[in-house]
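One structure below.
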Amino acid sequence: DDGGSSGSKKVVYIQGMSGIPFYQTVACGATEQAKKDGVKFSYQGASEWDVAKQTQIVDAVVASKPDAIMISVTDTKAMIAPLTKAKAAGIPVIGIDDNLQDPSVMNTYIQSDSIEGGKLAGKKMGELLNGQGAVMALNNEPGTPIGDARVEGFKQGIAEFPGIKFLGVQYTQNATAKAANLASTTATSNKALNGIFGVTTNNTEGAVTGIREAGRTGQIKVVGYDTSDPIVEALKNGAADALVVQYPFGEGKQGIQAAQKIWKGESVPKKQSSPFVVATKDNLNTAEVQEYIYKMTCS
Amino acid sequence: MTVLFEARGITKRYGHVQALSGADFSVDAGEVVALIGDNGAGKSTLVKCLSGVQAPDEGEILLRGEPVTMQSPLHARNLGIETVYQDLALAPELGPAENAYIGRELLKPGFLGKLGVLDRKTMRTKAAESFRSLGTDVKDLDAPVAALSGGQRQSVAICRAVMWAKGIIFMDEPTAALGVRQTRNVLKLVRRVADSGVAVVLISHNMTEVLEVADRIEVLRLGKRVAQLKAEDCDVEQLVGAMTGALDGVA
Amino acid sequence: MSLDTAPSLDAVGESVSPRRRAMTKLFSATPFYLAGVLLLMAIAFSVLRPDAFPTPANFRNILTDVSVLLVMAVGMTYVMVAGGFDLSIGSVLVFSGVMAAKTMGAVGGEGWSPVFAGLVVALISGIVWGLFNGFCVTRLRVPALITTLGTTGAALGIARLITDGNDVRTVPLALIKFSVDEWLGLPALVWISAVVTIAGGLHLAYTRFGRHTYIVGSNAEAARRAGINVDRHLVRLYALSGLLAGLAGMMSLTRFSTTTIAGHAQDSLQVITGVVLGGVSLFGGVGTIVGTTVGMFISSVLNNGLIVVDVKPFWQEVAIGFILIIAVYIDQRRRNRRDRG
Amino acid sequence: MSLDTAPSLDAVGESVSPRRRAMTKLFSATPFYLAGVLLLMAIAFSVLRPDAFPTPANFRNILTDVSVLLVMAVGMTYVMVAGGFDLSIGSVLVFSGVMAAKTMGAVGGEGWSPVFAGLVVALISGIVWGLFNGFCVTRLRVPALITTLGTTGAALGIARLITDGNDVRTVPLALIKFSVDEWLGLPALVWISAVVTIAGGLHLAYTRFGRHTYIVGSNAEAARRAGINVDRHLVRLYALSGLLAGLAGMMSLTRFSTTTIAGHAQDSLQVITGVVLGGVSLFGGVGTIVGTTVGMFISSVLNNGLIVVDVKPFWQEVAIGFILIIAVYIDQRRRNRRDRG
Amino acid sequence: MTVLFEARGITKRYGHVQALSGADFSVDAGEVVALIGDNGAGKSTLVKCLSGVQAPDEGEILLRGEPVTMQSPLHARNLGIETVYQDLALAPELGPAENAYIGRELLKPGFLGKLGVLDRKTMRTKAAESFRSLGTDVKDLDAPVAALSGGQRQSVAICRAVMWAKGIIFMDEPTAALGVRQTRNVLKLVRRVADSGVAVVLISHNMTEVLEVADRIEVLRLGKRVAQLKAEDCDVEQLVGAMTGALDGVA
């Protein structure tokens, strides 16, 4: 059909999982851009982090014949096969977050480099602790690539501070209560602990509560990855100390723009990157940081 | 004069099995009526229909001449109908005393009772007493009824019904599992209950027993009442004939 | 009417002294041996980390950790004793929390009145879902597993629709202060949980309502024939379970000052585990709140202790898996021996 | 010995013609009305998206989606018909996949021999966990829920210990090619799943082993008294369930070329949902593989259709929740009416 | 001369209830022995101990003079022992024909049989035949036994045991729920089975029945055998006396 007008064209975004602030904000950014450009947009996501479920969604989305797919993949290998089917059906694929191991499938991907983000978190933690202490990380499940990459980056970041000991990762199944339990138990049983890295929002929220219940708020620094309203609140009142914030809103916009370029036959770079910012109590109200704070309620 | 309780033209189908096809039945106050019939004749089904456990497909039930619809066992019970079911209907995990008071638990007097607190001790004592009066020796009042012998279990069900009998009491093969002594006690009890003005309906396959205790006998065959007999007028052979249809036209 | 007394060979049931009877009951009830297992676990952890496990601060951790789940476990015990099943409590918790937070936001202010409004809304939300569950199970005759699985999805979905998936944190200062307050050295949440558990324990064991719950679970048809309105009773039990999940939602909101929407997928399973561990059967008719409490504490102490003694995360999973099985095995073995002996 | 013939009032049971009997059976069995619900759903989605839903490609999607879970559902049906319960299949799938992938990596090469070695290891891994479950349930008398919850954690924990939590991707080319191959227009995995389901369906319905499964679930004590070795039978059923979970692990590995360790926490629940939807009771004694198949397809078609017609994710959760309840309600209502009529 | 089957000093406790305290029992081939006793005397417990369902705490079991330990019901069955249990032990979800063949399912001839495929048709026909021979009319052979009447269910259990009786058959109150006609058929059957050389043990609370069919009577009281009587030598009063202990020292 006519490559010029994209008025009747449709983009579907497949989230890694539904109900996650980051993905939700990507959808919001894409919605805003799509509205502006007159593109139809919708999003889908499974209620669990599950390759089989995401495959099912990709299959069904391909069957519904959209004009482009944006996707945050749950696995960089397992998703090759289903997305190859999309490609075979002539549907352009735009990655959000990550590329596949087979680089030929995606037309482009917008990466916010999780290792890089983790590194920022690690460095910030080192600074907050003045290079001395023992820290732990709270992650959802082992084997989730993004979480693992963030932890990996975090380790690299604190490696610059030889005085800091990494106590290891504990897993919370994404349950705030479990994160709180892990934080409070470790905080009372290990007096040396003075820093916790919350790999996702639920873990950061849990860490804040757990530290409070152990009565060590302020003594144990909390660095989080991603934001949510409660975490921003915690940052304001000193219960959390720093947040690595990605720019999902921008990624969503970028995705829609990339789709239109592909439809027009313009060239898009294989990899586009998306920036980070480290938010603290002091810079929270600056315009730059506010631009990054996730907006989940789409206009 | 209207009789205490009457059922007319009760039918009940289960899938394509016709358990009752227009059965009639009546019993009067102070009377012991034996309901007899072959296996599968529909006796238990009739009792279930008359005690609110199952809704008949068709038919009419009259209590003191007034038509009633039994909506539930609770409704029947509020009308003064008690039943000993053939399958006993006990809660296997609970003890005999607890089972005797199912649905009629005694509460502690005073404030605790207002809160719904059970009076376990009284229930236990009273239940023990009434088992004893049947001649049934329950060795462990705390064991679940699943651990009782067949006769002991049946005694629990009988005690439960008799304790509360006011208007009518249906007893579906109450003595099937009872020992000789316990059976005699139950038959005496049946007579005594009837003498106190309660209508007693007794189902039994033991014709000697039936002739001994019943005033009247109603015979069910293939889901229909085929005969109404006075106990003094008949003997075992006649009853058997009526049940099996061998004597059709005679009775 | 009373029966007269026929000659009897033995005294009925009274051959055993009441004291001996009480002892037998005590030792044969599930919680007794299971509580022994719990104690053994606590001793083991204390020996391994005498400086860290048996400390007041750590016990407070354990109690805080168990408090929200225990409230839901009380409701689950009622439902499962009656032969039912409720998978939806985790979602109902989230839903109630969301509704409460939204209400508190709408009422506004930082004092107790929004908190009170929020609490009422949370409890009502819980009850409504419970009634819906009860309705489906009793009137529509949909199996409890399907019903509560359905409401699990529906309640969570609606909660997310209301919030766009974004946690709500419109919590008044009064509530935040309350969450930090301690009475007699323990957080208020722990006391609330204790009150609910004790009240539930007494109510289930000693009242007519509790007795009816056992009867319905043991033989629903017998209950019906005995004039118990089985359907109404079941609806009440599901409503109770919903109510307590609603209360748990408010408690969770108090604890975290945010709705933690995504974090309760495992709650129902955790609660069911504790309840079954404590001796409630999937088939109904047996179980006690005391047992449930011990069961919930076994999970909680195990989670806490393995962290305190610093077992690696993957090993923790393996250890918890096997220890659960061993704990129940010990309990079963002791009980069987008594039965045989 | 034979009994001689006494006079009888009616012919026994033969009053209804065999044909009529077969018809009654067909219409009264759960799957019939439930299959109607499935058809209705498919029609609705087809009307909403005639260009996208009722296409061969989309049906292939649905079949592929259901294939792995259906294999496990067959095993679950056996276990649940016998009154058991198996929560561990998701973890056993992961464990078996990990073991198979590690084996294929160790054997090396890109041909069929590593695949074969991997398959054998996957099946054995599944059987071993199944035997362990069966052992705990029958010998140690640990309730199935606790046992299989325990092994859920243990199997997953060990899989993670083996892999350090990282997915294993040592899959030979032969297997990758196999996953793309189609026979008669359908992927090989779909055919494997179909063979397992049909074999299981015939086996459960028509053989002595199947009959014993129903008897054990209906009344285990009666089975024991009739000389059936109940414990041994249960162990076999758990082993079968494990075996099929192992096969599913290999199938999942084939499909994704990686072990997807983190993605199977919900598998057991999904399978149990389909099985119960299909008419298997939590209390055992009833159910068929045909019913299970229909139940699994209801879930799968629902998931697929809601995405094809582009319902928003949160609305999907709500819709699935309520539709599950409604589907079973329709099924129950039709069946009850027959019972009454 | 050794008897076919003998039990000596069997004891069995459940918790603190002593169900059997040194019970003895014996039965010979071709003999009908009635085992009688009050409710809770321990009759059913004795039967369970002798048919491998429960392990006795103490005591000795001799088959043709050789001591045996019943490890399981299957073991007992392989020794030729069949039992009609008081609680019937049926699978409620399965049909009557299916129940009659529990644990002894017939397989199709040939290859299918090797695969374990059931021969449903033959089982159905044969089961229908043997119900008919008892005079029991089961209207729907496909309905689950839970839907049968009490007597129909009992007939299923009886048919099952009788079909396979080889050495010894225990019948624990087999006629409790049966109609008059069915009871007569069962008593005839008992005699016929015994005449074919099988040892029959009949538990019943109906003394007329006992005296009619039994060769010998063993009386159990409080978990002990208190009397062994020849049927021809005694009457109902005597039996009742022995059961209740009223005639101690007389019998």
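All chains are identified by letter, namely A, B, C, D and E, in their written order; residue positions are counted from 1 within each chain.
Note that in this section contacts are C-beta pairs under 8 Å (C-beta built on N, C-alpha and C of every residue); 3 or more make two chains touch, one makes a residue touch a chain.
Here is each chain with its UniProt name: B, E = Sugar ABC transporter ATP-binding protein; C, D = ABC transporter permease.
In this text the structure is predicted, and so the values were computed from the model without any measurement.
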Maximum centroid distance from chain D (ABC transporter permease), chain identifier (CA atoms): B
Chain whose average C-alpha position is farthest from chain E's own: A
Between chain B and chain C (ABC transporter permease), centroid-to-centroid distance (C-alpha), Å: 41
Chain centre separation (chain C (ABC transporter permease), chain D (ABC transporter permease); CA means) in Å: 30
Geometric centre distance via CA averages, chain D (ABC transporter permease)-chain A, whole Å: 35
Junction residues of chain E, two or more chains touched: 14-16, 38, 136-140, 244
Contacts with 2+ other chains: residues of chain D (ABC transporter permease): 9, 16, 24, 160, 165, 314, 317
Where chain A touches two or more other chains, by residue: 18-19, 47-48, 142, 173
Touching residues on chain C (ABC transporter permease), where the partner in the complex is chain B: 1-16, 21, 24-25, 206-209, 211-212, 214-215, 217-219, 221-229, 285-286
Complex contact set, residues of chain A against chain C (ABC transporter permease): 18-21, 24, 47-48, 142, 168-171, 173-182, 184-186, 188-190, 201-202, 205-206, 209, 212-215, 228-230, 233, 296-298
Touch list for chain D (ABC transporter permease) against partner chain C (ABC transporter permease), complex: 85, 136, 140-143, 145-147, 149-158, 160-161, 165, 269, 272-273, 276-277, 281-283, 314-325, 328-329, 332-333, 336
Partner chain D (ABC transporter permease), residues of chain E touching it in the complex: 51, 53, 72-74, 77, 83, 85, 89-94, 96, 98, 102-105, 107, 115-118, 124, 128-142, 159, 162-163, 165, 185, 189, 193, 196
Residues on chain D (ABC transporter permease) engaged by chain A in the complex (per definition of touch): 49, 51-53, 55, 57-58, 61, 64-65, 68, 160, 163-167, 169, 179-180, 252, 255-258, 260-266, 300, 303-305, 307-310, 312-314, 317
